[in-house]
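Heads up, there are several structures right after this.
What follows is a pair of complexes built around subunit A, which joins subunit B in one and subunit C in the other.
Entry: the complex of A and B
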């Protein structure tokens, strides 16, 4: 379809919001100006399980400037608990006297100033009726159940148990991953302002319509009366999807007061008032022939969740289909403890589940005395072994080969501990990365002006991904304009709905919608230009006309300026609204987006093909012989994700994902007091994330890939895959350096003593 | 209490609580929201501003203690229509950010890092920029931005 030149798509472009970001003029939610706000400060539970008998509030009320204190006793009936995006039920906050987890919101203090609200919050005296809590796996009182098939499926292909028993080579091991918290640098903030019966909310969000729809149900309002604004988001990583508990109470506080109320929750509160990545356990059994062919794969997972939630990530959806294998069995269990409800965090299923699979593959390679890259090659497949469907495209081995070449893998001596430099033991490891290619529905409004400027309005979200810029690139490409002639408005429920910015689905969803709208504009202009009685394009086949360089072009050098073509169909600017429903999703999915419900076509559950992004990740670690300090001097990742709209921001995303992987493998763990069921290191000095000095060379290779089946623009997701293989690649590199096989993350000095 | 702060070359009078941090004074009293709150505990560096040319954590500085000093925030580096400061330009060109939330603090710290003479090698930049966390993981590009801006700053 000749919808325009391809000059902009695929060319690196600086962020169109870059100047706003480097000058401090980008307004994040808590930067938005509201008149005369009062300040809220949350009071959170100091126990993990029990009930509230009541509160002593006299001391708090006596603090000068205190305006209101919300508890279950005075506002409990005014809201319902939020509905999470997955897992069904969740815990309550002020709706009842029940305490489900440590750090649960139990009161909200509102005052004239932040300082007064904070002081008064510390003077609220809750009276607890405490019960002994269960912290995690193995805690007395934790309840384990088999996860039933629903949001996620189990796979049974062939006879995994008997095939495993009969296998010549086996790996049979247990693995574990820790609790992790997103910790975006922007805190969890909410500002609510009422104007009559209408509510405006400024809150960092990955899904403004989801926040609107969810909150409307919670506080029993019409969704149309709620306006959510989230123009810039200071990191999200899954933590800002659905409405969470705080928003309703801030809205109610503002309504009671008749004045805007602003909340900037503290860093430690961010560990308990939103979601997190729950700790997992795994049992993996791999069976293989002498030449390395997998004959059996059995993967059983255990995941922690809150008491009422069924939330689980079931990464077996991916581990069951990465390698050719005739006998597959997967199973997932959930363990309920007295904890806040977990939720999506960057590559939610794959980060914890690909770690055990890819370490097990390395263990199998060692048992077989085979190069781990060759083991992947032997088990590569063009067919999804879990369902028998074809992969729409799969470039796993080109990724391995290009990354291996860049890394210098052929110089690796496979004997553990054999490579060293001075006091440093050197280890090289690798792993496969895989992430489903997902896409959601989106609507968009494009206004094209005679002067050759376009405005694109879409309630999409730029959480650092470069969404503003890829939208501008796509519109420029398809309308034949310069990127600087396109303005983009995002993050506002007054704009056409786009889905959730998550699951590496957003660029595919929004750019395909923009391209479709542009195609409709081109068709309108071309249709009119070819049937007019004035102009050079009369009589041509409209399908042959293209928009480029500010003009409508036909074959044979015939063209007319955009302004003339436009004047024929619209008196001034042409405004066009368009909806895009990806293949496989029902027509009502766009209405669902407006209602704030998530709908997504997932790469592992399509009817036609299985669609995945693949990658290969290589890491060098250095372990100090005496101190056992672990460093990562370099990492190379190669990824094939179909069409890359903006290689500049794609590089940043892949790189950021790999740095997340270094954090995940070596630094990050939320530690839980086993008796109190309380997060211990709930700040970003003790919850370790990589700092600048932890990161050295990160190389990203974008392996070219065309996929005409995944969606019209051929876009697969890139936001998450960068982290997926890193946990295992680092663990495998540590084994190579030291001979120590570490199956529980993070890998710390104590594991290597 | 009433205080006067000299911010980006302009004297501003404001009434604050004695407990008000310089960060909250800038953001909530002077509408200078470019300086960000990431932890309020001196752990993340998002609130970094210059005080008499030195980098300080504005969440760890009381507003009253900033009286009599010259404060520079991200908004003070370039006017709305002006050319960017070389460090801002370098961050933009290197794509040395993603979400952009830590960016004002990174840029202020990076300017100080160059002025302090702590930007002589990549290793030194990494070390002296490690007080500013970037959760998106833009670190290698932040190092490249500092390297790009340093000679331009020294020439200016």
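Entry: the complex of A and C
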């Protein structure tokens, strides 16, 4: 790791914004103060398919305090539909009279108070022309098509079909995963305020420039006339990508009223006004030799999407390259139903697609009478089997070995049902986790003051991950300052552009940009210090100078204070703007970031190497022999993700991923009424997620890994991999406890009776 | 918001007087009454916010806790004031020692914050969690709007009832305490708007849905629950409440069992059995009790009792697993209770 003293990177550091968050000073979007706001409340459709003949609004208008009611009839022409970041076309809201899905925004009521807006919204009477909707897979009217190549592609290596037919050992099974929703704890909010022709938007966002660029197109404005602010975000998980269906209408409502408008959508509306993880189905065929080597891998997936969208997550791009296999065939199908358009949710491709692969691997291990860890070892590879490219680094087996050791895996009796304590059957299972190492472009402005303080400004996003802190750590490390001397400003389109906080790419993207800017500062200070006559560093090779402890140091103990070195290049503070375009991305990717378009170098589609994070996850489940409750007393995860900037927040993030994985495997499912195509449990009382009592011991092992090819700082990203192996590890543990192989999630009491 | 009248009486006569002013002549048993008593508010305020309930008047009986909040136990039994908090009853030494099924039913319900707010009577009257009932955007719900049908029958009904259901409603009673009170043969003390008191068996407090699922209780208009009385018996100490659910805590029961046993000379002299999560109302299974009387409580006897308890079960697709889960829950509870050291 060149060009740094590593004083801060890799050392656990408390969140620099922690105090503000726990004292309520951190301003989330709806906390931002605007003058005299009116309140909006959304009216959403109670049918999943049809048209709006019109509305009866008299009762709603009669509610005291009502100021305005927006419907397609009065504002429909004022906005284009939002463009999602993937999948092309999408559903509309007030742009037309069409109803595409349950819970679609069909009107916006604006009133003097939240309560008045809500009451009036309940009194809006839509006149529906209903059509019979299709809910999901297998529903009458659902349309299936083969996914066209474009954003994603399929793999064909060798001859998977014939190799499978000829294989000595086989797994040939079908699997399924349910609809899931993000439910970030901060509700979906939008506040819009106009000042002349300029618009300010406060909204929780993973991509403020994306929100700005998308909205500008929607309401036909110049992007620079829109200012988006999103300083703190109470969880996002993919649900706050770019333009959303609600934002334009709140902006239009504020313009019509000549007054700021605030929307805080309800929890149940959060199930239908943003994206979600669509349900998937899978067919996996594995062929193997007697000694466990894979000879065939065929993975076909089916994903639900809305009527107009081609959105799909295509997790076969990961499952095709996890294990050495000479014959690979993948295929993805999409099924259009009367649903809202799905979108990214924590490890969007891997959470649903690694589940079937890793359960199938466990089934293969059982068929081969082989330890599942050994089966992974036999099929480990340093070469990406889908492309033949080298992995930049791959520590899958060190992860398995360290996690197995910590877990006590060697004490496992492989016979299902053989381990128990009292009335509880004990099951141990494991699975591989894998996630592509991605990175996006970013620009940053750093201001360095003589007093040894630095300010870092970047339109990055702290979605709860600790982005403020990793930026401060990186700047402190590279400028030789203390972390507390670095202030960080994020989440604002008046700051230099950064990409989308998603795909576990953000820390890599923003920290590499910060490190590059710091290197440029160091080079300027070193260059000046070595060529002027007034200091101790004269004549030294500028490349040998480092910033450390508030001073510029050269070899032989020669150094000078930062203030003196700085005074040479800038009369006051030094302000430096820098852009970082990761290897493999085109030069225009920074411009695209400013325009709000996503560009990301993905670990599975690089020209030079394949870059992936790997991990291994082990789980113990206990199943009551009679009533079949499934509990998870402990889980161990080991992950190798290159450089870890802040082990403290990284640990939390891995843990959070594993906890979510327990919920994903055992609790979470959005239930859809099969006839009405409407969500039924759209609240977090009945959409279950783990509570404290469900989570006992979660152990995280960070396996050291150095990867100089993935990006200059060697960061692979950790945001998603913690969830990836949990679904399968838990299903495999349930099999070990009970002898019952459950191939559809979530696994519940009803599946084990 | 929808305006409503809020009254805060200082005494029971004032409270029932306030209710009497809002009572229509023929409204017996309607939950959607013109006036509703408000205690902890953990269910009623929730229902008002989601648009299911909109009473024109709320009568806050919180201030009457001094009158109706006591928990007392003596040789004749346990008396639970209607306005005692769930948390108070769950932690009361006499309840913990002599009526463990009641303490456990309370402790396994909701979470500590809710138990700190919710009153016992309010908890007993808590309404179904059927999502089709709780979301007014669903048109068909005979419980919410009589005559509109039942969307749950062919919909998502994994959590809904298999006992006591009708062709009009399969909503389940979601609570826990009530199943223990039903099992233990509790009585309910009531006071009417004219000041007269009466007592009814707890089992008669809730109605079966039949063809009037919107009528949930036998309370008369304006009637106020003041107390629950649980008779003492040799079975109360050997009692427990077993709650089975996918999540470890803070979830309504998929199935639960309240059992109380009097065992002597190796045989069951008397048994009290309640079931929760499975039925349209708090459920006492006399069929299961009858199987056990005079028998040695072993796996076979418990199994027969469980068979008897679910002989009349009716399922609707998603909830087809519930009779089997209910049987297993009851067997586990019975065997566990038989092994209790008292």
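Rule of thumb we're sticking to: the second predicted complex is superposed on the first by the 751 of 753 C-alpha atoms of A that agree within 3 Å, B and C clash if a C-alpha of one lies under 4 Å from a C-alpha of the other, contacts with A are read in each partner's own complex, and residues count from 1 in each chain.
Throughout what follows, a residue touches a chain if its C-beta (ideal position, glycine included) is under 8 Å from a C-beta of that chain, and two chains touch if they have at least 3 such contacts.
Being a predicted model, the structure only gives us computed values, none of them experimental.
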Simultaneous placement of subunit C and subunit B on subunit A, clash or fit: fit
Subunit B versus subunit C as contact partner of A:557, first or second or both or neither: neither
Dominant toucher of subunit A (residue count), subunit B or subunit C: B
First (subunit B), second (subunit C), both or neither touched by A:115: both
Partner chain in contact with A:46 - subunit B first, subunit C second, else both or neither: second
First, second, both or neither for A:666, with subunit B first and subunit C second: second
Touching partner for A:237 - first (subunit B), second (subunit C), both, neither: first
Touching partner for A:693 - first (subunit B), second (subunit C), both, neither: both
Subunit B versus subunit C as contact partner of A:571, first or second or both or neither: neither
Subunit B versus subunit C as contact partner of A:685, first or second or both or neither: both
After superposition on chain A, the shortest CA separation from subunit B to subunit C (Å): 5
Touching both subunit B and subunit C, residues of subunit A: 115-116, 685, 690-693
Residues of subunit C that touch subunit A when the two form their complex: 1-2, 51, 129, 131-132, 135, 137-139, 151, 154-156, 158-159, 242, 244-251, 254-255, 321, 324-325, 328-329, 331-332
Contact set on subunit A toward subunit B in their complex: 14-15, 17-28, 30-31, 33, 113-116, 182-187, 232-237, 264, 266-267, 463-466, 648-649, 651-653, 655-660, 683-685, 689-693, 695-698
Touch list for subunit A against partner subunit C, complex: 46, 115-116, 118-119, 122, 268, 624, 626-631, 666-667, 671-676, 678, 680-682, 685-686, 688, 690-694, 746, 748-750, 753
Footprint of subunit A on subunit B - complex, ascending: 17, 19-20, 24, 27-28, 31-41, 43-44, 46, 73-75, 77-78, 80, 84, 88-89, 91-93, 95, 97-104, 107, 125-127, 129-143
